[in-house]
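Labels for the chains are A, B, C and D, by order of writing; each one numbers its residues from 1.
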Amino acid sequence: MSGNTIGKLFTVTTFGESHGPGLGCIIDGCPPGLELDAADLQRDLDRRKPGTSRFTTQRREADEVRIMSGVFEGRTTGTAIGLLIENTDQRSKDYSNIANTFRPAHADYTYNHKYGFRDYRGGGRSSARETAMRVAAGAVAKKYLLSRYGIEVRGYLAQLGPIRAARLDWEQVDANPFFCPDKDAVPELEAYMAALNKEGNSIGARINVVASNVMPGLGEPVFDRLDADIAHAMMGINAVKGVEIGAGFACVEQKGTEHRDLLTPEGFVGNAAGGVLGGISSGQDITVSIALKPTSSIRQPGATIDTEGRAMEMVTHGRHDPCVGIRATPIAEAMLAIVLLDHVLRHRGQNADVQCATPAIPAARREDDAGGSAG
Amino acid sequence: MSGNTIGKLFTVTTFGESHGPGLGCIIDGCPPGLELDAADLQRDLDRRKPGTSRFTTQRREADEVRIMSGVFEGRTTGTAIGLLIENTDQRSKDYSNIANTFRPAHADYTYNHKYGFRDYRGGGRSSARETAMRVAAGAVAKKYLLSRYGIEVRGYLAQLGPIRAARLDWEQVDANPFFCPDKDAVPELEAYMAALNKEGNSIGARINVVASNVMPGLGEPVFDRLDADIAHAMMGINAVKGVEIGAGFACVEQKGTEHRDLLTPEGFVGNAAGGVLGGISSGQDITVSIALKPTSSIRQPGATIDTEGRAMEMVTHGRHDPCVGIRATPIAEAMLAIVLLDHVLRHRGQNADVQCATPAIPAARREDDAGGSAG
Amino acid sequence: MSGNTIGKLFTVTTFGESHGPGLGCIIDGCPPGLELDAADLQRDLDRRKPGTSRFTTQRREADEVRIMSGVFEGRTTGTAIGLLIENTDQRSKDYSNIANTFRPAHADYTYNHKYGFRDYRGGGRSSARETAMRVAAGAVAKKYLLSRYGIEVRGYLAQLGPIRAARLDWEQVDANPFFCPDKDAVPELEAYMAALNKEGNSIGARINVVASNVMPGLGEPVFDRLDADIAHAMMGINAVKGVEIGAGFACVEQKGTEHRDLLTPEGFVGNAAGGVLGGISSGQDITVSIALKPTSSIRQPGATIDTEGRAMEMVTHGRHDPCVGIRATPIAEAMLAIVLLDHVLRHRGQNADVQCATPAIPAARREDDAGGSAG
Amino acid sequence: MSGNTIGKLFTVTTFGESHGPGLGCIIDGCPPGLELDAADLQRDLDRRKPGTSRFTTQRREADEVRIMSGVFEGRTTGTAIGLLIENTDQRSKDYSNIANTFRPAHADYTYNHKYGFRDYRGGGRSSARETAMRVAAGAVAKKYLLSRYGIEVRGYLAQLGPIRAARLDWEQVDANPFFCPDKDAVPELEAYMAALNKEGNSIGARINVVASNVMPGLGEPVFDRLDADIAHAMMGINAVKGVEIGAGFACVEQKGTEHRDLLTPEGFVGNAAGGVLGGISSGQDITVSIALKPTSSIRQPGATIDTEGRAMEMVTHGRHDPCVGIRATPIAEAMLAIVLLDHVLRHRGQNADVQCATPAIPAARREDDAGGSAG
């Protein structure tokens, strides 16, 4: 199957360019009987939506989603769910600048080499706008996971440039435009972003996502391990350059005695594993951390080439997020939820008969640490 | 498709437990006409093979591979290639200890919860021995990529615990049992490993892999981006907890002006992108870095539970790698080669007609840095 | 991947219920650079559209398709193509009859058992209306195949109840509402259908589809043979109960001397193979024949049960095709085109390097026979 | 995924040429806990094995299968099951005749055009020998279906050339070398085959396969309908040219009143549907009928061309089945079982929660008719 589909049993296929008529997706394999209406999706879409604070792009999109199929009398029917968002902010604009130049560190150059030409309006298919549909589809997955199994998927901003969230207070995450779980860091973030805007520059970020109440048993070794499929989904988000599960890169300097999570009848001791052992969920929280690069759409000029291969200088004007990481929190949550639901269904398919004699042990009673690497 | 297959057009499907009759794989979709014999595979298998130095497990396996199909008169025929390694080191042994206990931080607990029971001999399917077949399949991919396109895939140990390779000398990589590209670090590594063995402990590592001479255009947005599929393949290797492309997690603290690789007619300036822009290869070197956890099979006792859920203490005896990262270099190379070839074929399938008017610009003339994050 | 997607490289994923807000599909993997606009799709949609003659259902649907993405400045960009048809004929209607009863020989009973409940309005997802999107996607495939390779995919009504087309005149196919290639059979068909309508009954049909100018080499043994994938696509059309390639079931009584198509430098002698040998196209015309059952939505009463399992009698009123086979011609063409394009891309992916020393020999100079089995 | 894999959740991937070192397959996704040993597979392999009667090829193959992985202490573990049959009858032989000529109506010509060259020894990958692995994998599926759900999959020879089985007596099927369910037809078949052998000719056949006790609900509309996936699997068997479900091509001449199976609380009335409505199993028997062409390997000379494109005459000597349909019965059973198990797992994955309020009604009490079309 081609590259615009993710998942094996619960699949999400998307289409849409930032300045075309609209965006859409097809969710296939959703279990029937789930209560669902557009408001369930809109909630997360609004969290991702641009223009909600002065720290994100001022491009305005209604991002109003319609459910086109697969829901009847308020419940999913088990057939394909079609979603549609029509683009409303298609203001006519002069793209001649962008049309013949490759913005440095963008997909312009690579799309041209792959396909011979590209839809250059607003980044076309490579625009971050594409992720709206991931968020909508993720909201469906989240709702099923939570209502059927009590699995909760939540994310937050762990670091933005030099500023780390020093504590994880879930209540705070949606109380500020940064998805920052540390109230005290918010003024610092505001000041930093203001200075960055002035400078015409951008900055990277780290987002952590956690799934709790996950049953043991999800993941399909040896290639479709749960962590492998999570890495695939996360690295496939625009601007992501790194993915960690559990201790992540910190394990390079850890000894076995430090890293291994011991097991006791009362629970795992620690969660360096990030909830995955041998590629299969252990029942501990699944903890994922991702790195997002600073956008290259900045007001400072940079060397580049045009479509004929000649040297140019490029300055990006217009409405861009100075930190794409900020709005990535709902996207990362969505991707994790999609992967988890896909694996729930795959696991049920093969192992519906399985009864494990051993009782599942409780998740780790670890102290949450919001900064640094995942979990 | 189920979890033991990787790839869409160039696919690798594996089977085999560490103490069963043997390991095997089926490579499907290999282009026809490639000169191939068992020796091509044996070379990389020998690099991965245990027992080759005193710093790896002393378990001895001939790891002798046979090509069972798909090659005729010395060339691949385009049909499925069957590979087989029969296990020779199946010494009878008392597994009663392991049978009823979950080794901490191993897949024992999760396999039991997924499947209801498990083949506990030597880790069964979750044994690192499974990766032999990845290496064999990767050797096929490597050979095609190199002979047809000049693409070279090479890896090395970038860090082991606190010790970093300070320089990247490709000549050195195969000249020491650590795949360390820095000759001067080798004595330090030897001393560190000796102390570790004495301690009965284990240590994590970082492996870097680089693909050079990759054409621009590989990768299938939005979900099967090249970096996403690389992350999937890498995170699916035993013990891997983190994956970076290019600057990786360093980008969290980078500004746009620092991170973006400018374009000039003479080449990219820098390679923070790690060779992938918008999920598509740019022609720069593809640089990947992975973190491998310290094995949990150590001689120091640790708390765990048995299959009835009762508290136990576990000490692992036997032949185990104190640093599984060491032998991971050929595995990581194999996985990268498999992903690249799969994407070459996918790209040819869709875009065989494409002529890009813009000439491909040279890869970055960056100074290689062996330590730290990828590339 | 779930059941609403077809294809591996050129994939089509559809959604939509007959009485919901609309129908849509996502075409993924379409080669870039193909000139395409909505009119290209509308032509085939209009051929399939209901209400165009008195021999098909009088349900009226504008079936106006919009291209939502993947086309820029009149050419496909290589990214996902979103298509949308909004339903316009959603007249409010009393469905209470159908809601609690299973129409005999319909999908009502099976959808309920699979999903627990169903969207019963107009058949919901199992409505023939779903095939509109196949036709739209097939039009894209047809256009690429024809413009890039000269491959032409055409179908016709070979038999309707007892009436067979006695000759194959391609010019006639679109000149009558039956897609009948035999002008002389048309009055007979008209009379037969009029009598059938009076009777309140329905009738089966046979449709033949032919692809010409297909290059040798398409098909992926051993499971995704070209004929196997064609059978999958054809049997997946509503109401199809049988699929033949070439001689089809006639081969049961053929001897080897009769069946085998001899090869001469001037061409194949005959085409009993239907253009596929060993699962791979031979360069002969690909000839496919399918059987479509008579619709069960007839005005004659029939025994059935209600959703509580009690005996009922059912009479279907409303706008139904008395011969669903009539409108199946463009659908069958679409499915064949989709399969062929998918296999063209798969073949290019693996075998881009292949040069066959033997020149392709001409397709069979057989006399076309329109009736009976395919080819 | 490439063409040597079938299935989505229960997948079978095969390799092997008729005259290479061996054949093998990997079964992935098999539910754990199934009691399994090699004898379970050997039973069906022996039914398919050549050389068991004078009406099939005298080529002798031990066809002894080894289970290489995925089974521990007599039960499947849920991990990949590797199967291996080493070829034993590799007598050295002069293939120069075949090497440079295309046998008419064989895959020789098409393999060459696809891959540039081919393994010509005994047909290589296109040999019927390849089907041994399907039979082995099918035996696993059959055992699970029967032991877990009581689903039984059985086939028989319905017609051979002009001779039809006039009655269906399951007891007789394995009592004669033709898998003929009609004892009285056996002497006739023997006489016919003897004459055919003398003539140096071959003949086509029709095989019927029936699955009984199938639960309603299997199948994934709109493309992976159960009947569509069955058609894919069946048409992918060597020499198959046609597939019917239920009434099959007979429905072309049926009216709605004849074709539709009415529903009563006591059961379906008739089974024209062949157990599938709207692409989903109904609980009726699933009845499939396939047409197999006469082999083209006959002793009568035929025109062909050589690899340079020059006219030649070809006479096939050696050990060939004069009716490949005879040995196809266990193969067709295997393919149906594989498809059914795959769909059981897919259905469980998505619809594990579903409770249908309507009780399943009994399968049709139809009179079995062995000849003619399926069911």
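Note that in this section a residue touches a chain if its C-beta (ideal position, glycine included) is under 8 Å from a C-beta of that chain, and two chains touch if they have at least 3 such contacts.
Keep in mind the model is a prediction, meaning the values are calculated, not measured.
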Which chains are in contact with both chain A and chain B? C, D
Chain at maximum distance from chain C, centres defined as averaged CA atoms: B
Provide the C-alpha centroid distance between chain B and chain D, rounded to the nearest whole angstrom. 39
When centres are defined as mean Cα positions, the distance from chain A to chain D in whole Å is 45
Would you pick out the residues of chain D that each touch at least 2 other chains? 1-5, 8-9, 14, 29, 32-33, 78-79, 114-116, 125, 221, 346, 350-351, 354
Among line, ring, star, complete and other, the chain touch graph is complete
Considering only the defined contacts, which chain D positions touch chain B in the complex? 1-5, 7-11, 13-17, 20-26, 28-29, 32-33, 66-70, 72, 75, 77-82, 84, 114-119, 121, 124-125
What does chain B use to touch chain A in their complex? 1-6, 8, 14, 102, 104-107, 109-116, 125-126, 130, 159-162, 196, 201-206, 215-225, 227-236, 238, 240-265, 269, 272-274, 276-283, 291-298, 300, 302-305, 307-311, 346-347, 350-351, 353-361, 373
For chain C, which residues are in contact with chain B within the complex? 8-9, 29-33, 78-79, 148, 221, 345-346, 348-354
